[in-house]
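The data blocks that follow each hold one structure.
Okay, so subunit A shows up in both of these, paired with subunit B first and subunit C after.
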Partner chain A sequence: MTPLPEWLRPGFAPGAAAPRRRRGSLRPLRRALAALEAVLSMLVSDSRDDRRTGLLRNADPRAKLLAGVVLIVAATLLHGLATLGLCLALAVGLAAAGRVRPVRIAAVLGASLALTTLVMAPATLDVVTPGAPVLTVARPGGGSLGPFRLPATVAVTGAGLAVAARMLLRTSACVTLALVLAATSRPQELLTGLRALGVPQAFVMVLTMTERYLAVLLRAAQELHLARLARSIGGIGVRREEAWAAAGIGAVFRRTRTLADAVTLAMIARGFTGEVRLLRPPRWRRLDWLVVTAAALAAVALVAADRGLA
Partner chain B sequence: MHIPDGYLGPQTYLPAWGVMAPVWSWASARLKRTLRRRQLPMMALAAAFTFVVMMFNVPLPGGTSGHAVGSVLVAVLLGPWVAVVAVSVALAVQALLFGDGGITALAANCLTMAVIMPFAGWWTYGLLAGRAGSTPRRRALAAGIGGYVGVNAAALATGVLLGIQPLIAHDASGRPLYCPFGLAVAVPAMALPHLLAIGFVEAAVTGLGLAYLMRTEPDIPIAATPGPGNRPLRRLAATVAVLALLAPLGLIAAARLGAGTAWGEWSAGELSALAGRLPAGFGRLSSLWRAPLPDYGPPGAEASPMASQALWYGVSAALGIAAIVAVVLALRRLLAGKDSDDAAP
Partner chain C sequence: MSGTGGETVFAVADASFAYPAQTPCLEGVSFAVARGERLALVGANGSGKSTLLHLLDGLYFPASGSVSYLGQPLSEAALEAAPFGPRFRADVGFLFQNSDAQLFCPTVEDELAFGPLQMGWRQDEVERRIADTLTMLEIGKLRDRAPASLSAGEKKRVALASLLVLAPSVLLLDEPTGGLDPRSQSLLLEILDGLHGRGITLITATHDLTLLPHLADRVLVLSEEHRLVVDGTPENVLADTGVLLAVNLIHAHAHRHGRLVHSHPHQHVVAHEHAHDDEPGHGHDRLGDRKEPER
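Take a look at the complex of A and B:
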């Protein structure tokens, strides 16, 4: 008997991850739907974690952005494991003080740690980072494999572990600092705050408009995926799937052009002459200066300690 | 391909910002002249479109899937300078709001995905697509090849940016401070997946996407289609000819400054003299192929006067260019053959 299509079964959730037992033909579609829903929900809902309480809730996004960039740059200048650990602790502390949800911190840190560990694993071996062996992991026994000469043993080295630990701590600190920025500011505010870093007005306006219309195009892409899923029982083969994806992208491009024309006409109707004007940002308050000064002092202290310890 | 924070040292990301600042300034000034009042909404929507393109999962043979960048498609449809701004804005939104790609590495990511990729793809498309009258199939094929070339050029550039980190940033004991993988690891690690899999996703999205648009909207303006007045090949030929004439300058300057052979480009004899011994594998493999013009001249030319060596250098440049042009023309002929098949009833 032919089984019911997925979308007719009770409890069907379009964006849910594809079940493992099913054949993989619809998995790219469902994976894309899940990603689209995640991005859309972040864009259309207020993603701030610190609406009521939190250390940074009253700080101007420009000050937060400036402070965040200063600390991230400082993190890229640190080399000692102790100072990098201190920087990570500071970043996690800021996230906690800013009332970023622990689940969100754990998810971002976990993903960053998993990915960096995977990428850095070969760097711990003596074939990439020579040094004193700590643990022998394989014994190829020498000899050669075609044109390649095999080593007698492959071992994890102390130097390799130090290199990998440095990269793990640095990327984790940077990712956590970026999370503090994203989780304690509205997207629109964060992009407008780029003016404080000297980004030209036109670029800031394009960025804010992109953020505004991104949801519209993402919704169009989501509808395309849902329509395709609702009409699918099984896979249609890789070539036709690729053709469908390309046609979907073409359809989104047509929507892009139509929307751009409509937005242009609407802007012209409201007096747009091509000159970029943004709302005058509010004056910096004492708290904003305090945030930036504290970040700068922390950055200088971390770099000085790192150089001193080195 | 998005490089996160922490993988590139300031020795790399600061120059990347230095390179991108004038590129962004030039791109926005150029667009201000061409797009006028439509510039801002079109830029914003093109950036949003690029972002959405990256959300489409495209299946690959073998059960896996990948996503395209879309830079080349935007370059072909709207022009490469629109692609520079649109992809840069999309990357900035990804880095700031979604943590995809680093904030310090943003300029480096823009250099690879918003400059190198769209221009490599756009030039390839312009070279293979022919004039405005060429058939949709030829243009879609050219766009697909442009997508493949573009994404591979970007992957190669990313591999180089990561691979030079151990060379330019290491501690006193020689241990790398940033990405620990040298060029020998980083370049193949980036290039191979793109050459074997991801490049085909980009090619499919770019070629089939353009084909869909040409079929459903036959009058759609395509930025990269050369008009009857444009002569991009003539300009390219003039630039290449000037570069070929200037090629011997490097040889003359090296001789004047007393510089030896470039590091790592030694012949078996030079390596043997430098190291005191010749590795067995090197000796065996170095005699596998005898080039017709070794060191850009006939055998023994290195002992001849500098003027003669410079002349041979120029001749070698001309021969090399001729060989590349022959390959490209053969490819064009191949694609043109497909055109005539289309035209048949």
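Take a look at the complex of A and C:
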């Protein structure tokens, strides 16, 4: 047998480590990453919601899809903040009536708020959306920076805030409506509903595979994160942490590609032809007409009110 | 060359295969499998066992040579055409090495329903088969569970159930006992034994030689050069230590018993038995004659 290197023998004491510079703790960042992972897992699939009962749970997925699409289209047509707020309230009300867990609704609204704020922040400034200044955030003092002329002040404008608020309300309403659809139906039901509504098979197949792979991707990311934690002793500094995160993303994609290929082969091996089929196909009933009609009436009322208010 | 002389299920003729931009992982492999046979494919890691199972299941296609099922060459066109394609998919079940890849539905019931629904079977027939299969494999209590939340042994049984619900006549098993605890392993072996008793053809890829007597009546050995080097009974293959050493399925290393140090070829997980006399293949040494690593 090859002799063990000296450092691998029992009792070997490594020399004193070089003194390390004290670095900022990465614990908050790790906690944030873990929280993000948990939110993503919950958004992708939350079986606790599957076992609940409530309004919309028993509706045909085709009816829910039609109603959802009608309301989402209406939300995109609205301009007034009041009507957009009303639309968001309606979406949250539907989620509550569908007995979607409040924490899940809060997670979706929180994610919508964070992403929209990030994207729309520049639009609130007078350099993008001119208007009456509400709050001055910087004073570059005029002058120039290379070929660019700098403004004397940079301020948040009322018009900019209105644009951002409109986008935030619209996005939140649409995302909440999508959550209602996803949380009150099983993925296969929605996919078969899409097919029944005439969406091409290739498109539904891509969605089917995406739905399968999201879970695979999340699982791979979680495993990689745990493996990393198992070998972490102390902080390694933000730059190395960033390098690890970049390498980790690459590793996750390599692993998931392999696993995703295997999932595809396993599906083909059991006769998958591209069509999603359900064990208990839903039947269109009176409730479904009610859902579609109510959604259409609500959409018309919202748009009419928006035009009237405008 | 089929083992039992019955109807030929699979005929592999001079098949070679390579993954894109990689060296070949199967070279000139030829054999036939008869109805009802229990065949094991053994070889070291990377010898091409899993790839060969993928070829048999029509998931990959040989770069040269051919693979036929009941006389019909397996090709993409043949597998997409009815009635051969659906019949082949129902007839031949493939138990993947990684159960996580095989279980992709939200619940165990959906998992079992997936295959029959793809075949376009009636709902009542699908439900009857699901109930019977869950009972047969004693996994009825898992019916509404998410496959991801199951133990490795349970996942393997659910994966097997998802194949058996289609009533296949051939099962391709890729390292079926890998990663299972002893109880799950023996339960799975019992199930496979029962299935063989019902006439199902079993083709198992493994590198665990201890399983051969339980899993196979005929063994094909693949070399690290991806060629088929032996086709024989488990007894003959296990007795041929020269071949097993050459294909890296057993190893020879030195070990110590008191003051006696010797080496001989063997394959084991935890322990093995052997005599301490001067048997052929045993190199003996006294501890005093051997330089010990310094501590």
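Note that in this section the second predicted complex is superposed on the first by the 173 of 310 C-alpha atoms of A that agree within 3 Å, B and C clash if a C-alpha of one lies under 4 Å from a C-alpha of the other, contacts with A are read in each partner's own complex, and residues count from 1 in each chain.
Definition applied: a residue touches a chain if its C-beta (ideal position, glycine included) is under 8 Å from a C-beta of that chain, and two chains touch if they have at least 3 such contacts.
It should be emphasised that the depicted structure is a prediction, and the values quoted were computed from it without experimental measurement.
Contacts of A:187 after superposition on the shared chain: both subunit B and subunit C are touched.
Set against each other, subunit B and subunit C differ in how many residues of subunit A they touch, and the higher count belongs to B. Applying the stated contact rule after C-alpha superposition, one finds that A:175 touches subunit B and leaves subunit C untouched.
Judged by the touch definition given at the top, the superposed model places A:120 against subunit B, while subunit C stays out of reach.
Residue contacts after overlaying the shared chain place A:259 against subunit B and subunit C alike. By the touch criterion defined above, A:268 reaches both subunit B and subunit C.
Touched by subunit B in one complex and by subunit C in the other are residues 187, 212, 216, 259, 263, 267-268, 272-273 of subunit A.
By the touch criterion given at the top, residues 54, 57, 59, 86, 89-90, 93-94, 96, 98, 100-102, 104, 106, 109-110, 113-115, 117-120, 123, 126-127, 146, 148, 162-163, 166, 253-254, 293-295 of subunit C touch subunit A in their complex. Across the complex, subunit C is touched by residues 1, 3-4, 9, 45, 47, 50, 186-188, 212, 215-216, 219, 259, 262-263, 265-273, 275, 277-281 of subunit A. Those residues of subunit A that touch subunit B in the complex are listed here as 24-25, 27-29, 31-32, 35-36, 39, 42, 68-69, 72-73, 75-77, 79, 108, 112, 120, 122-123, 128-129, 147, 149, 159, 162-164, 166-167, 170-171, 173-175, 178-179, 181-182, 187, 190-191, 200, 202-203, 205-207, 209-214, 216-218, 220-221, 238, 241-243, 245-254, 256-257, 259-261, 263-264, 267-268, 272-274, 276. Only residues 4-10, 13, 24, 28, 36-49, 51-53, 55-61, 63, 65, 68, 70, 73, 77, 85, 89-90, 92-93, 95-99, 102-104, 171, 173, 175-181, 185, 201, 204-205, 207-213, 216-217, 281, 285 of subunit B touch subunit A when the two sit together in their complex.
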